[in-house]
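As written, the chain order gives the labels A, B, C, D and E, with residue 1 at the start of each chain.
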Amino acid sequence: AEPLRVAAASDLRSVWLALSTEFKRHTEIEVSPSFAASGKLSQQIEQGAPFDVFLSADQDFVERLQAQGLTQGTPVQYTRGQLGLWVREDSRIEHLHQLGERLQGKLVMANPRHAPYGMRAEEVLRGSGQWEQCQSHLVLGENVAQAAQLVISGEAEAALLATSYKDEVAGGRWLTIDPGLHRPLWQVGVMLHTERRDAAQQWLDFLLSEPAQVIFRQRGFLPLDSAPSRPDQVAGQP
Amino acid sequence: MQNPPDNDALLRARLQASLGAFQLDLNLQLPARGISVLFGASGAGKSLALRALAGLEPRVSGDVQFADEVWQRGRHWVPAHRRRIAWLCQRAQLFDHLDVSGNLRFAAGRHAASDSGEVDIGRYAEVCGISHLLSRRVGRLSGGEAQRVALCRALLSRPRYLLLDEPLSALDSAARLALCQLLRRLASDEALPMLLVTHSLDEVERVADQVIVLTAGRNQPRLSLAEAMAAPDIGLQAPGELAAVFDLEASAQQDEPDLLRLQIGQDAIHIPWRGPRPDRAVRLRIAARDVTLWPQLPPLSSAQNCLPLQVERIVDGTNPAMRLVIGRCRDGRRLFARITRAAERQLQLTAGQSVFAQFKAVALL
Amino acid sequence: MQNPPDNDALLRARLQASLGAFQLDLNLQLPARGISVLFGASGAGKSLALRALAGLEPRVSGDVQFADEVWQRGRHWVPAHRRRIAWLCQRAQLFDHLDVSGNLRFAAGRHAASDSGEVDIGRYAEVCGISHLLSRRVGRLSGGEAQRVALCRALLSRPRYLLLDEPLSALDSAARLALCQLLRRLASDEALPMLLVTHSLDEVERVADQVIVLTAGRNQPRLSLAEAMAAPDIGLQAPGELAAVFDLEASAQQDEPDLLRLQIGQDAIHIPWRGPRPDRAVRLRIAARDVTLWPQLPPLSSAQNCLPLQVERIVDGTNPAMRLVIGRCRDGRRLFARITRAAERQLQLTAGQSVFAQFKAVALL
Amino acid sequence: MIGLSPAEWSALKLTLWLALSTTGLLLLLCIPLAGWLALGRSRVRAMVEVLVALPLVLPPTVLGFYLLLLLGPRGPVGQAAAALGLGPLVFSFKGLLIGSMLYSLPFAVQPLLDGFRSMRRELLDTAASLGAGPIERFFRVVLPLSRPAVLSAALLSFAHTLGEFGVVLMIGGNIAGETRVMSIAIYDAVEAFDFAEAHRLSAWLLGLAMVCLLAIQTLRRRQQARDGGTDQ
Amino acid sequence: MIGLSPAEWSALKLTLWLALSTTGLLLLLCIPLAGWLALGRSRVRAMVEVLVALPLVLPPTVLGFYLLLLLGPRGPVGQAAAALGLGPLVFSFKGLLIGSMLYSLPFAVQPLLDGFRSMRRELLDTAASLGAGPIERFFRVVLPLSRPAVLSAALLSFAHTLGEFGVVLMIGGNIAGETRVMSIAIYDAVEAFDFAEAHRLSAWLLGLAMVCLLAIQTLRRRQQARDGGTDQ
């Protein structure tokens, strides 16, 4: 059969192989991902892109699609993303709050206009009063994966990335960011208008299953129960 | 410069153009038979006129009519490819991407069943002397070879009229002679009329039936070849090259072996000849510089011909030291003799005097 | 076909090439003075030879030496732009992006201070008859005009040697005559040697000092013009066009007004002439067909010249009806007469016999 | 290291197929179009020439954006196509083909125009006087003599399509087997930090490219040798 | 609706500046290069020609990826540049310029090659026999006669740079005023659902494009009229 077409936020790249292998072992169903920034994916879905399932890094985009009647069933929150600060070995930065003063090179993050990780990074910088100082150092990736990849050139001194990229971005140090500094990055999945409802549902169910949750936790995602279920009232709201 | 309307003209054209300082204003009446030659100095407008007749020159306005077809009048315009003429320009414009036979087939394919096309190609290639070049790529031809291929291709397109712009100037004299003969044969046997541009008086003499002289974009009325050769003032001849040209019938009577007797009124001219008597008129050229005048019938010499001549007038030639005697044969045809002033004094020549013109005659074609 | 080594040769070349079925194998020894003519049928290899001498033909191997400079030998090769020759190819290769004067300046700028360059341009444009075209774009020239511009440009590059490939074939006879005179003047006054390719016997007679005949890629040793004109077997002449060419000194003695006396041994030839006595030798052409033979001194006629002649031999001409008499003047020069078989019988000509050759003479240049 | 996975194979095949069909269709379309622009006599030619050149100066993202709006299910073209039962145009091979053709149009037209315009006028005049009408002149004289231009047009549009990224990203998405061409696959591999895959795919593209280019060069050289005999 | 915000202005200026400097530098580089490829006699020409054509077939993402590796501070080129005190090459205008030039190289070389190669051999021979050496022949004969080819090369590389997206995305980093060119800005706007901005930016680009193209056409036409006198 045709593989299940999944539009997936780019922070899922690092867990994808493990997830899809596990899923296939249980169900014999192939999943074929198309990664991009969540904003871009939702925009493509609005234009009629033929996906069966949408996995967004932020629930706003899902709600937008829901409002236009482009989804089926209820969206599922299956895990929560986490933002981390990566700094190069030679950087003097030891804490998020030193960014504004000590940053000399480039600061890489995802584009806040359409990538949820970018939006949250902006929130963190604004909330800590460092947004203006960091402006001239900003280098934007089209999505969080591209941002991570820009780091490999070695030109960036620091980067605000998903902690799920810990394995890929080798070298340097990772500094934690208090998840309370930004709205939570709820990873939300939703079924789109598709004839393959069964498979899509199985996939969404699978994401909530224990084997999947283990994979998420191992790769730097936060456990499902680690935060309030409604992420509305958070500091740093723009 | 106005021609009287000419009722047996096949191709009539009034052409006007103004290119920078150059003004073209032609009135051409080209007959349905024979070879017309357009003669004129470099830059006189010959090529431009040919292009206009071929339908290739939007800068030239005017009227062009071919038999009953109006080719150009006001905004009406028959495009070149519908005129069914062939135009050969000064440079052999061969198609580089085809070999010689491909170039020929380009023209031959159009108006013939493919079989007869192939036959034609062989035949015309033979007469144009390019049979050995058929599979050659055109980039590998010499200048003269390319020119012969272009001519052959033009002939193969089965045109109703040929417009030839200096087609023979890159050829050696043997090839030139052969192609002159070919053109004459086409003009008479296949009744293909043509207009030929050339700078070579030799070609004019060999092939022309009519001559149109162009001077700075204007033409004089057309003249027969004999008239043109006899007109000292139209610039056809190179300095001192005035000549009489006669088309004469061969007589059945043979006075001597190896000599052909040509009848000129009651007199005869003998030319060296071997082989059967020709069935068409023979063209003779008698240049003024070849004619010697005698006060009485000269004694025996190797110059075989002697005609009684009445001196009509004596004029200055282009060479200041020379005088030109214009005389009439007994049948009224004009003959010229170019003599020195010294000879004029010694012979005490005057108009009306009877003399003998001695010359050698050789057929032109 | 081997030339003996020629010590006054300026340009010596042995050229070999093999293009398809065509084989080139030349041994050229070109003298430091005068005009050499390369003569041969279409496709004989003339253009190829010129290109090779100019340094433009990598397909041709061999040795080329100019005075002391080795231009080509084995892998050694002086590129064209360092040979300081000018090469004029069969088609005027003008630069479209420049106007006429731009084209001339392209060549003139190189070897002269810019002032004298401008002066030269004016002077050469004048002699080439293109002064009125200087500001014209080259796309708007007629065929002959373009050819004259190209020739002028070649002259302006101040070459040490000129290689000319049919430079005059697109010109009308007046322009051709003028340029022939220009070439001769350049060759003698400015001591510019040149090699000229032409198909026109007329041009050969007017300008040549030496003639090299090419047949199917091979050359015969070079001949002086007189030798070449006198050789019936080298194909220089059109059928029946054999002629003697003499360069004769004018004598101070004037027998008649308007006549120039030229000395040929103890005899004299008179030619029509006005103006001062020329200070260099005058070139005369006496075609075999213009000569009439007499058993004894002929009576008075308008043909002013008569030389005693001893018949050397009588041979067949290309025309089967004609015979060619080869005779010697009293100073040993050869003269030819073309007579009919009938005349031969009537005159009962035999070798060794003394006759009189009567002809009109006109200077060629 | 060197072999390609089935998914990678399908990206490679897709890319080649897209580039080939774009090039083929473009040549079919542009040869007459450029012929008309270069040799025709109509007044509207100038206008059309500018229109044809427009995609030159539009970034692929602009093109992609408007194509998305036009071809999408709400766009006029998309709706017309749906009405005709042609299926969706965006996020499908058909859509990519349309996008690539538009995007590469000027890269096919420009060399053709240059080639056709450099035709010597007297050559065409000669052909006309031999009885060849404008169509025949075009196909039997202009076109064969413009082989280098046609080759360049094909090469440039093939290459431009191979290298197409922005348009594909906008209207193709990243759908395996349908719109995931090599440029996207490599981008994807890089983002996934699968540099080994990125290198492998790049190596394949490079190898293919070398083969194509060498083939073209040999072709040209042979052509030249045949025509002129004077190349060295 | 029609005015541009300062940020948008800077994107527009950046784009034009990038396209202009890329085109200018490319012409300076490619005219001699193409001249040598078309008219030289060296054996290595064939090899170099293939190398020069390579970027044709490489998707911008491949190019961008390897440039990122090469130009970064750990890459050989980046280290060399740093040693020369040239400052960082990635995420900077300099880097974009290098990327654009590489990316558009074949689009400048190809039309020039076509143009130079169509030069009649006898014309060059004539120039040589008049004493002009290879360099002078090239600059005084070949180049002026190849004006249409130079124009095409400039047009194609200008356009190709304007439309550059993939390479910029990979090595540019979307820095306002430094590397955020129009194609990126429009992409951003579309992805952010800001269609009004996308339309506005596109309209500006379109307008500019029309002006340029019309100017070029007028230029060409005038040229032709002056040269031939027989255009209609």
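Going forward, a contact is a pair of C-beta atoms (placed from the backbone, for glycine too) under 8 Å apart; a residue touches a chain by one contact, two chains touch by 3 or more.
This structure is a prediction, so every number in the text was calculated from the model and none was measured.
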**OP:** Going chain by chain, each one touching the next, work out the least steps from chain A to chain C.
**Re:** 2
Original post:
Which chain's C-alpha centroid is most distant from that of chain B?
Top reply: A
Subject >> Centroid distance [mean C-alpha coordinates] between chain D and chain A, Å >> reply: 37
Original post:
Rounded to the nearest whole Å, what is the centre-to-centre distance of chain A and chain B, using the mean of the C-alpha atoms as each centre?
Top reply: 92
Original post:
Between chain D and chain E, what is the gap in Å from one C-alpha centre to the other?
Top reply: 19
Subject >> Centre-of-Cα separation between chain D and chain C, whole angstrom >> reply: 59
Subject >> Two or more partner chains touched - positions in chain E >> reply: 187, 190, 228-230, 232
Original post:
Of all the residues in chain C, which ones touch at least 2 other chains?
Top reply: 19, 91, 140
Original post:
Residues of chain A that touch two or more other chains: which are they?
Top reply: 146, 152
Original post:
Which residues of chain A touch chain D in the complex?
Top reply: 3, 5, 10, 13, 32, 34-36, 44, 47-50, 143, 145-146, 148-149, 152, 168
**OP:** Name, in rising order, each residue of chain E that touches chain A in their complex.
**Re:** 68-69, 71-75, 78, 88, 90-91, 169, 171, 173-175, 187-188, 190-194
Original post:
Across the complex, what residues on chain D touch chain B?
Top reply: 120, 122-123, 125-134, 136-137, 140-141, 144-145, 147, 226-230
Subject >> chain A residues within the chain E interface of the complex >> reply: 37, 39-40, 43, 106, 108, 111, 113-114, 138-142, 146, 150, 152-155
**OP:** Using the touch definition up top, name the residues of chain B that touch chain D in the complex.
**Re:** 51, 54-56, 79-89, 91, 93, 95-98, 106-107, 110-111, 137, 139-140, 153-154, 157, 163
